[in-house]
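Next come the structures, one after another.
Two complexes come next, and they have one chain in common, chain A, joined by chain B in the first and chain C in the second.
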Partner chain A sequence: MLDLTPETSSPRADRPASPAAQNNAAAPDISHFHLDNGLEVVVIPDLRAPIVTHMIWYRNGSADDPAGKSGIAHFLEHLMFKGTVKYPNSAFSDLVSELGGQENAFTSNDFTAYFQRIAKEHLGRMMEMEADRMVNLVLSDEVVAPERDVVLEERRMRTDTDPSAELGEAVQAALFVRHPYGTPVIGWGHEIEGLNRDDALAYYRRFYTPENAILIVAGDVTAQEVRQLAEATYGQIAARGEAPQRIRAKEPPSRARRLVTLNDEKVEQPAHQRVYLVPSYATAAAGEGEALEVLAHILGGGPTSLLYKTLVVDKKLAVAAGAYYWGQALDDSRFFLYGMPAEDISLDELDEAMDDVIADLLRSGIDAQDLARAKTRLVADAIYSQDNQTEMARWYGMSLTTGMNVADVQAWPERIEALNAQDILNAATKWLDRRRSVTGFLLPAA
Partner chain B sequence: MAESLKSSRADTVQHITTPGGLKVWLVENYAVPLIALNFALVGGAAQDPAGKAGAATMLAGLLDEGAGPYDAEAFHKELDTYAIEMSFGADHDHFSGRMRSLKKHIRPAFDLLRLALNEARLDADTIERVRSQLLAGIKRDAHDPHELASAAWRELAFPGHPYSQATHGTLDSVAAVTREDLLALHRQCFTRDGLHIAVVGAIDAQTLSAELDQVFGSLPERGHRLSIPAIELHNLGTRKIIDLDIPQATIQFGLPGIARHDPDHVAGFVVNHIFGGGSFSARLFKEVREKRGLAYSIHSGLATYEHTALLMGSTSTKNERALESLSVIEDEIAKMAAEGPTEDELIQAKKYLTGSYALRFDTSSKIASQLVHLSTEGFTPAYLDERNALIEAVTLDDARRVARRLFADKKLLVTIAGKPENVAEQG
Partner chain C sequence: MLDLTPETSSPRADRPASPAAQNNAAAPDISHFHLDNGLEVVVIPDLRAPIVTHMIWYRNGSADDPAGKSGIAHFLEHLMFKGTVKYPNSAFSDLVSELGGQENAFTSNDFTAYFQRIAKEHLGRMMEMEADRMVNLVLSDEVVAPERDVVLEERRMRTDTDPSAELGEAVQAALFVRHPYGTPVIGWGHEIEGLNRDDALAYYRRFYTPENAILIVAGDVTAQEVRQLAEATYGQIAARGEAPQRIRAKEPPSRARRLVTLNDEKVEQPAHQRVYLVPSYATAAAGEGEALEVLAHILGGGPTSLLYKTLVVDKKLAVAAGAYYWGQALDDSRFFLYGMPAEDISLDELDEAMDDVIADLLRSGIDAQDLARAKTRLVADAIYSQDNQTEMARWYGMSLTTGMNVADVQAWPERIEALNAQDILNAATKWLDRRRSVTGFLLPAA
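What follows is the complex of A and B.
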């Protein structure tokens, strides 16, 4: 089938996959421990190839940017490649490259992470240099200024040249009245322009601490090896006392449905999106996050989903329609609906038709076969992801930086299996409330 | 030297000939209870009938939209019931397919793959749905700067050749495709000649052979593909601007490349890595991004098609500095042509390229994909062990000579979407 799923500017799992099923004999034997200085460690064995994925995750992201300094978490992520006293300039990157490794970093609402994928014998070296970078970053104005320009170009490339991305920003900003999830991860352009070396260093000193970090190693390595290497590297960093607190403004009650419209001469194909403010795995009542996950799958996860079947196949009102849930978030998060209207169908008609699908689901309940298929699909993803050590490491990192623990992640398939049709219906009734939503219309020039 | 380089990767690949005569490469591994299958068929968008660009993409998009006893919805429900992942695509030179299944569901997985390849229904209403989706995608990207810059670039580079067309076609060409066109394309290309298959995962050779004979065994022996002429890159020295009201100029540039089986290909690959390849150490990355902050993304690569070879690059830079970006790129080309890489750069590039090869083989899907790629390029799995030695063998003289071959006395073909300041069209 052709895929018209919208790109989102913020990272999310393509599939709501969980990496490990405890009840599955093939599940990897995951180890989890803390160093004396508070650094958390997760080891995910994958012995098939002599390589490792080494990741360090910090429990801070764009939602922790100080007021007026949006984009600083992401900007600092760029600046972390500018060198330390011991490994100045690009020495770290040069060595990764020389050793045949690959590296990168990414920032989201709730986390910032750095990784290398490399032959296993170089793991110790990576840990030594990443630990050094946790506390010994050196920044000069000479490297900060051009890198700020790089980030501004990144923003132009991803957002300022793409009306769909601009609408996405406006919808998020409308959904979150007070909470910083309404601010783009990369920051607002005019605030990025004002970010400087002092801002970056202040933010760095506040968050880049052993208590705030999680080391995740996946690959051809034992927990014992990782522990020894970690104690010799990260373990040498002095504890700061305790992890920094993440205090974010709370959302007031949502009482008004909102419509955000963007008209642009570059738009030829109209598009629709709707975002509901819903609990995340971390803030939901027990089982409710999982229920929203399954609901998203039944409502809009692919060609057998209700939205696709009704709007695209049967009524031919749309060429694309779907839903997904962003569950991995520290605070209340988002449930997305999206669609692209068929020719001569207005966005209002599509919007109403979506409401009809939801109303129908609330009236007639969850079909037992739909529920069974959704569960099969989601639980199978847990096995598929075992095929990819980097995906496993990412999943644990995202979960552990958004308020979940290792046991939560491992038991995720069981919690999915335990849901019944009423659980899904309850979640739909409670959370798909239009007063909690913002709808975005992307339209040609008015 | 890394352990991964000492052991033979080629030895992990079983060369199977099925009872039905299919040639298949298998990497048997039971660590994770799944299998990954990739295949490619010679064909693809270059086979689109005249005026009907997009036909191959439509056909690929229709294979899992109803087959045998199942209509589209029923087919997708079967896939979902067993958590089978299946998808098909078309680039200019090939149709491709991939499937992932849990070990316990391989029976229905192979059966559904057989139906998709042999008995796709191409129901009229499904064709119209897929057509409308393709058209919506074209409209969605109608003012996307990357799409516009590459469309203009292809048209200038390959006038009158199938490579000048986007694989997804245009509003007019997609509208013109009929069911008969799709059936004819299927007959032409879905045949056992030009078929490349690789499987990785929890299955033995005998079981796999029996399954694959069911899936691919009934395809006709030979196809009747259009013969596609080779084409050199045209319009070198041309610079075209596509006016678009956005704050950034997206620049696409290109030069003739080096064909995959040309003796200079490997040296060219190493030289491009130093010039603009993926890592943070490339000259373009350092000069355009790191030193000057001109762009977030700057990259070049050797592209080898069946009927042409290119060196392509792209970047996006604010309109006010587009001219500066262009001149930095041109300066780096001139410098590379005149001096070639330094000895240190060559050593570093070899270390990276040989050391990182193992990273392409860390998931079942990636291994299957690499193997099919190797096969379509005309190599055998022995290449898996030879490849790093070929890179090691590139001398500084080779690199300098090939740098001259790639870059000396060459004018770029450039297309720019945006409103670049002080940049004039040429050619």
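What follows is the complex of A and C.
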């Protein structure tokens, strides 16, 4: 599928949009229920146009790839477009296109998802076809082998010829010693080469089950309509009895800071990144994920942030600088700093200047105005995001596949509002610990 | 067992002695055969004293630990001293002691081994008891749980309270992104905590089989005697049909150099190490492992080596400096540089000075005298090593569990002698590539 945009492992490409951009404050009347076979359903009404977004999310991503089979989650996502007996080859995609719809699919660390955006009258058809390929996928060697080459080419294009992406992979691999978040979503090339039909089928049978799936429908539709359609389609799939296990190694304690340096002749602008291993929303103590979110915003969320103001505007050491928190993850996740040095400024100097900004923040505390502005902005973004049906659906899917529930999503703005300056400072003190970090330097050829 | 010295994961403690110290040039009349059940046997005559060294080697080490079960190879090594029905509790060890013998056991990345050194008349008894515990080990929860605490304490003593060992673990973890050599032999603490009787039994049944074992007897004994005793003891164990599979992930290409820095208040003397990912004897092209061995000797084998002469004697930048090659490994392995800076010299300065030594070597080529001296020394050491029965046995065991055979070991001096200066230079040029390296800095508290 040329129009697929599976997420890859580079920090930027793979980064979920922040909750600020996607959360659902003052939520509409969201319905949430399960079918008898265990399939979870979320319905998000949006009556502004006769359009629906239909998504099916599976609670398995690259971090659930079996040992030595990295890339299988993403590879199967490709193979899911290869057809069933009833809808062979590209019949599903062709129909979406004929009906004026759009489709997409993506794989990340913790989930795989498929969606269509289409006129409301075709929702039932989409559900029927998506339910069909949950269990009736046809995979032949004739289809698997060429698609593996497609994935390998995708890897070559996106990573192996892009020093920035290569560095990103090396940084993540250094950050996660044991946990599979250190493995690229697309997989390591030499392991992709070994993936075959049996691997894909075994993985498909293990994870593509009603108990492991979440149906999300956003748009001009009622919960009752969705329930009826879901029961007639997904509901016909036999239950497996239980959800598949997600088996993931845990990280040992991290006591040594790491620096990963990549020199490449293709690099023109040096770049800096630093990644801290921090809790995700799912693994954090109450309020700590939200505190990291606000901290990232104060520290590096746009042109009014401390990093930007200090390094780019005031000291002119950098031409770009920022921070973000990747909170949507089932396991311990990542807090990123990044920057690009101004001319004649070394990455070491930029690195030290970033530390100075953080030290200064810890010393002088959180400015009350900065905090208020950050909270207002994050909550406002969450409210604005309701205008985007697909974003809303995506946000629920991402949250529900990474250990949150509907109520958690809905109460997110309240939890942001409840934070005080000390909460942010505590999070910064506790988690911005260089012993838990990997720094990446991207440089021109030595 | 208090007297056990299982090898751990720090580069120094876990490092096998170099072949120079252990190889068998101008070998005695070594016999090599298999029993019907697949057990491999090597007999090394040494008639100087009425003593034998009896070793059983298993072709499984920490790199064969199942996912999430790091430390199980080493843990089982401990549990192997917990007794069988016939020789319960510590009966085996007690008897060795009563008979005036010594015993030991060790676990490394690629093997686990048990041995006794004892008066020759007790060889049959040792073989009977060792064969017994290959299949009749009794493991109860009462024995397993306290021994796990012993291992955890061992880990705390050796690693968690030793910044140098901690850094070593972090360096290895950074070097091996995917391959299990990046995991400490003793295991990660949080995974050791989860090891239980079922894990140990499953591992034992999988790997402790005649097809997976190598019996090595060195000493005052003939091949015929060993064969008879072996058939009467090990030979009685039923064959399983095939050797267990060793399943190990492979490394992706390495394009980014890495620096791991650990600051700790317990550190008084800063220290530097650099590790390159290089082929082992088993994975190298013909002669390349030997070239790396000679290169390590020229570069950093003792006080006449380039690193020592340049950094310690001439420039006085370091108080210690050296290099070694860890060639005995089933998969791609490691080439180490190390040093300790002189007072007022930073680790960065030492690091750069090491690069200068290497650059100088590549520029000026290998000095003919240096090469001749290195070859003579390595081969001489191999001949001297024949004086040590246990070293000889150990060297064969290590070689046979890491992809070599008896003929490979015997021809090692010839392969060293055959190298020319260009071979060494080629190896240095190809493999001392910083993109394949991780550097470790050990520093006092910041």
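As a convention for this text, the second predicted complex is superposed on the first by the 419 of 446 C-alpha atoms of A that agree within 3 Å, B and C clash if a C-alpha of one lies under 4 Å from a C-alpha of the other, contacts with A are read in each partner's own complex, and residues count from 1 in each chain.
The rule is simple: a residue touches a chain if its C-beta (ideal position, glycine included) is under 8 Å from a C-beta of that chain, and two chains touch if they have at least 3 such contacts.
Keep in mind the model is a prediction, meaning the values are calculated, not measured.
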item	value
Which of chain B and chain C A:342 touches, first, second, both or neither	first
First, second, both or neither for A:173, with chain B first and chain C second	second
Chain B versus chain C as contact partner of A:121, first or second or both or neither	first
Partner chain(s) touched by A:225 [first = chain B, second = chain C, both, neither]	neither
Chain B versus chain C as contact partner of A:408, first or second or both or neither	neither
Contacts of A:320 with chain B and chain C, given as first, second, both or neither	first
Touched chain A residues, chain B compared with chain C	B
Touched partner set for A:386, first chain B, second chain C, both or neither	first
First, second, both or neither for A:68, with chain B first and chain C second	second
Which superposed partner A:377 touches (first chain B, second chain C, both, neither)	first
Touch list for chain A against partner chain B, complex	1-2, 4, 26, 46-51, 81, 90, 93-94, 97-103, 117-121, 145-154, 156-157, 160-162, 164, 265-269, 271, 302-304, 309, 312-313, 316, 319-320, 340, 342-343, 372-373, 376-377, 379-381, 383-384, 386-390
Residues of chain C defined as touching chain A within the complex	67-68, 166-167, 169-170, 173-174, 177-178, 182-183, 188-191, 247, 249-250, 252-262, 264, 440
Chain B - residues contacting chain A, complex	2-4, 29, 31-34, 36, 57, 61, 64-65, 72-73, 76-77, 80-83, 85, 87, 100, 102, 129-130, 132-137, 139-140, 142-145, 244-248, 250, 279-281, 289-297, 316-318, 348, 351-359, 361-365, 418
